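Take a look at the structure set out below.
Chain IDs A, B, C, D and E follow the sequence of writing; residue 1 opens each chain.
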């Protein structure tokens, strides 16, 4: 097409979730530069969800009715992605979404999450990320690689992530199938100040493995209390809370050898379709521009623009919603976070149309002499092309 | 046995809440100021301690003692230039001003420190505990509870044994008549807020030792702190400690039944106490 | 004589302007852009929330920090009606309002035992209880929350009709329908507030605000009056909350029971505009919305500016912007007073017998 | 039957017994005056009768019905109208609205009849000119008039008047007495606390003397005033 | 009234509560070591005058001079520092303070020694020594009044303003309290008393002012004032009581 294409970009740039959006400015600037060079006439309108779902819904409406965007890119946590996608679907505006496990994204947007029969696919919103099964699989394989009593304590909050992990699409059936015995102390509210009840439950069940998906402050509270109260598991694999290096550095000694999911790092052997940069290059450029350490979402912020550029180029008329949605659905693209394509077999039937998966491996934080941490890849069953950096070590 | 342990852990948690609440109780008791920014000021204090730590490489405990006078001065200025101008019969102006302050503080911290979560690194003590009979008690939680007792005790001494405390109580009783004694209520209030922020600094120290903090975390515990103050009874410092313990123990027992009920149990305890005693556990005779 | 004439003509001019304004606003979905419709929807719903809180704090002396309870309950019950019981969302809005009102009764029972600051904290705590209970409602996603099923608003009452009538997309038609509802709600709220405040009840409320002891001695039951206002405002707030969440389309405990969004900002609006007046909240809602439009994309800066504005108003214009205007001009748009009847004759009017 | 009766009513504030075993009956349509030195407990007695205070002991009945535990608004509804010694206007409401609210709530007057009633009372109490003024801006004298007017607007069967004549000029005093006589003429019972004795005695049928919360005497005004004891206690000047 | 410079002079003072004017140009003079009484019916403005002199209420127009220096613009604590203390109407003890603490807080701003300290106050009102650990509010009305007077004296004032110190007290108690007045005057403190008990006022004062409706309507030496004149001033009517 000839008309200028307007892209809306929504992410939590302020508020408690703003750590996810550190790469936004850099990526938008980079994209505009590259797009221009490649002959794409685009404009990006950046909106801040302020980490607030109500605000996310508002800016989505604004983008659609006021700015009349042709495409929305949305990133980071269901708090931001879900309201935006729900509204865009109703307004028939295509969306590319990422950085939220696909279950809370897909199931969370269904009217009745507990009734799979009622779930419906979407026509305009497309999501790429990994799913709980990948994260769970990585954790289970990590635990399999060491000697334990196979008893697992789980710390799952009553929020989108925690409920998804605890549900029948989450960990309980997978752990049972893999021969692990799970102790789930029950859903708690975020920002809880005391985890004695959970610690007691884990101690009673003699859990040697600990998992969960708490927010960072809660994990710190839990973990220091666990140490104080003499709960010393051999393996601790925590999703979400250990995503950002700052949270791990904050733990000091206590952070050593904790393990977590790892969905992008400079060590990933992929290249950007947009700039041709390798993962390591991208991380380097980001660190130079933003003056801070790379984080896992950085790759995905970039990949969002990769997918967008690719779809815009392929669409017959990028200003036509249906045509653009069709182009997105037909994506088959090697990006800096791996191959992205919708409709693949690795996603269950009901969500296949709207969800594309990217690889996820297991990582372990290793404390260095100077107090900083390395995130070492210790498990790659999901994506063997990603090189291992070591093997899982037990906690002291 | 498990219930006893729950009780003990609840008491330790209550110590933290009492520490959050002590500063609030002080200003609430003396000038009926509902300080909605208290939580954010605690976070601010945590950043001040963190700043001193990272600038000098000091232990947070020592850094906190340096932060105390800084926060006192800040509280004094805040009261003199802001709160004193809106205190009065109507509770709305101070409510709104402190809420505005809360929003401003939070977002300024976000501007300066980003949303990264931080922690005060205490070193090895963090994970250490003592064993008392069947209980293992974390050193930091014990220190928190101990500090809560110490702070309440010290404030009580100040309140009941010194000329300043006399002025506090008299001003709280009757801020008009006290002027006839040559006392400026505004100055008394400024000192009180200064002291409250010193207590907030201690709260910040233990908050930062217990969990991560980020600029937005302040309001989360504010409600518990208010509940502790109200359960305790207006102006009663030991009451505030008791209120903190009630909330802490209720939360611990709620969690022991089902973690889902942890925070709910604290709120329900608050409602239950007030249904029975609308003026709190230890109300002052006159109000 | 001439002054009373000019006052009368000013009033009729005012009424004429108001009528034109209302007609214009009704026509917005037909003649205006969707962006305008959505902007006005936001302003109107904020306005209704503000009018309700203003009734409570400005007239009944009930400084509630728990209004989010009613918004959240309204929203959750509306979702339940739609998702679980298959009702039309608009029916859900009504049920949501009723549910909020029902909830306000035990809440009042508890909170009315508390005074002043205690009342404020008490309502806040009760609202948090409501949030925690809502996050246990697993059928509506528990702490995860849930979205309105795809296509819900498409089939909502009146939407197909408006879609055909205006020849627009379903989404635009749904916007129009919710907008008209919000407009109707705002007008109803303004009218009801005005009528109520000028009624016996409103007079009693103002008397209570001025002097509690004297009010009791002239036969006013302050508790009953306040309870009435509290439950009615819960109804209005619940309705509005449900309506807002039709537009937001997604409900989570954090969002639906957000003390910042549904109470703190509303307090800002009322106080900035001028508490205890009817035009105040209107002005406040407009200012708030303008600020949001101008600055919201700057995230933290916007919030800092908002906080500073609130502080500044409290320091320098206690009675809000409307207070400034009436002080400067002596002009009051929606006066709540009762003018004494002109003395027609000196003869004594017969006084009706006491029954 | 007596419209109001107090039996053994006592009230203390801490150690201070302010009302001490007071007992009397007020007949339908009777006018009773109360005198006594400052702090004798006169206003407290009004607070007890109007329900603003609850007695520690004793029973208060209205037309034979025990109302001891009832709230001020219930007493008002059963026909007790009161003025406050320290005027308590609704300061932000106009004078007219002060009456309107009393008439609508306490008097149970319909919205249709209330304006005429209020204007009538305002005229009778000399406040018609100030009808539209905010009550908070009135002078002390007008405030006292407003107290009387507002009490009248509740259409009471017993009206309690607390020092409403203090500081009036001769002419004003005559007007006030005429107004109160008018109220009396309508069959409304009156209890009037007043230091201005000539005004009081020209209206009331009986006079009661309170001292230190105790009823010292009750009887015809002449008899009471003739008592040297009363003269001394009341004026505080040795005669 | 008298020769020589007055210690305290009030000139054409006005005061308002919001829209409501409570004082309309009041004049008053107090000699060093003197004692004046202010009488008047309820609501005459006596308390308002006291509060305005003490700096609790902002003066409108007019002046208050202490030893020739204007003090009407000063805040209450500043007025106290200049040596004007007040016993407020209704005693206003601090309920959370004990008797002794109530007295001590009266000395909050005092500098150096003076005639009055805990010991001399206890000598003046011996009963207070026994009750010094009690909360102030647990005393009888008369004892509370003694505390209030003692509290004001603790600052060693040059002028003591007493508002209705006999209100609600039994005659014996009133006698006890007024017995203290000469001893206070001996210490060099001048006194203004507001009193509704005309007899009492005439007994103790050198000079009497009678107020009505925010104005002084009569003033003079007690010996020069007839009962009729006081009555007229008091009630605004001329009428023979008998």
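Throughout what follows, a contact is a pair of C-beta atoms (placed from the backbone, for glycine too) under 8 Å apart; a residue touches a chain by one contact, two chains touch by 3 or more.
What you see is a predicted model; the values in this text were computed from it and never measured.
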Labels of chains that are neighbours to chain A and to chain C: B
Chain whose Cα centroid lies at the greatest distance from that of chain D: A
Distance from chain E to chain A - Cα centre to Cα centre, in angstrom: 77
Chain centre separation in whole Å, for chain D relative to chain C (CA means): 43
Centroid distance [mean C-alpha coordinates] between chain D and chain B, Å: 51
Mean-CA-position distance for chain B and chain A (Å): 36
Junction residues of chain D - those touching two or more other chains: 91
Per-residue overlap in chain E, given as positions that touch at least 2 other chains: 137
Residues of chain B engaged with two or more neighbouring chains: 107, 110, 260, 263
Which chain pairs touch, all of them: A-B, A-C, B-C, B-E, C-D, D-E
Interfacial residue positions of chain B with respect to chain C in the complex: 28, 32, 34, 82, 85-86, 91-93, 95-97, 99-104, 106-108, 110-111, 223, 226-227, 230, 260, 263-264, 267-268, 270-271, 274-275, 278
Residue numbers on chain C that touch chain D, as the complex places them: 200, 203-204, 206-207, 209-211, 213-221, 337-341, 343, 348-349, 351-352, 354-355
Parts of chain B lying in touch with chain E, wherever the complex brings them together: 163, 166-167, 169-170, 172-174, 176-184, 235, 284-286
Residue ranges of chain C in contact with chain A within the complex: 33-35, 37-38, 42, 82-84, 132, 135-136, 138-139, 141-154, 169-171, 174, 247-250, 252, 254-255, 258, 261, 296-297, 299-300, 303
Complex contact set, residues of chain D against chain C: 50-52, 71-73, 76-77, 79, 81-82, 84, 88-94, 96-98, 100-102, 104-111, 113, 115-120, 122-123, 128, 131-132, 150, 153-155, 157
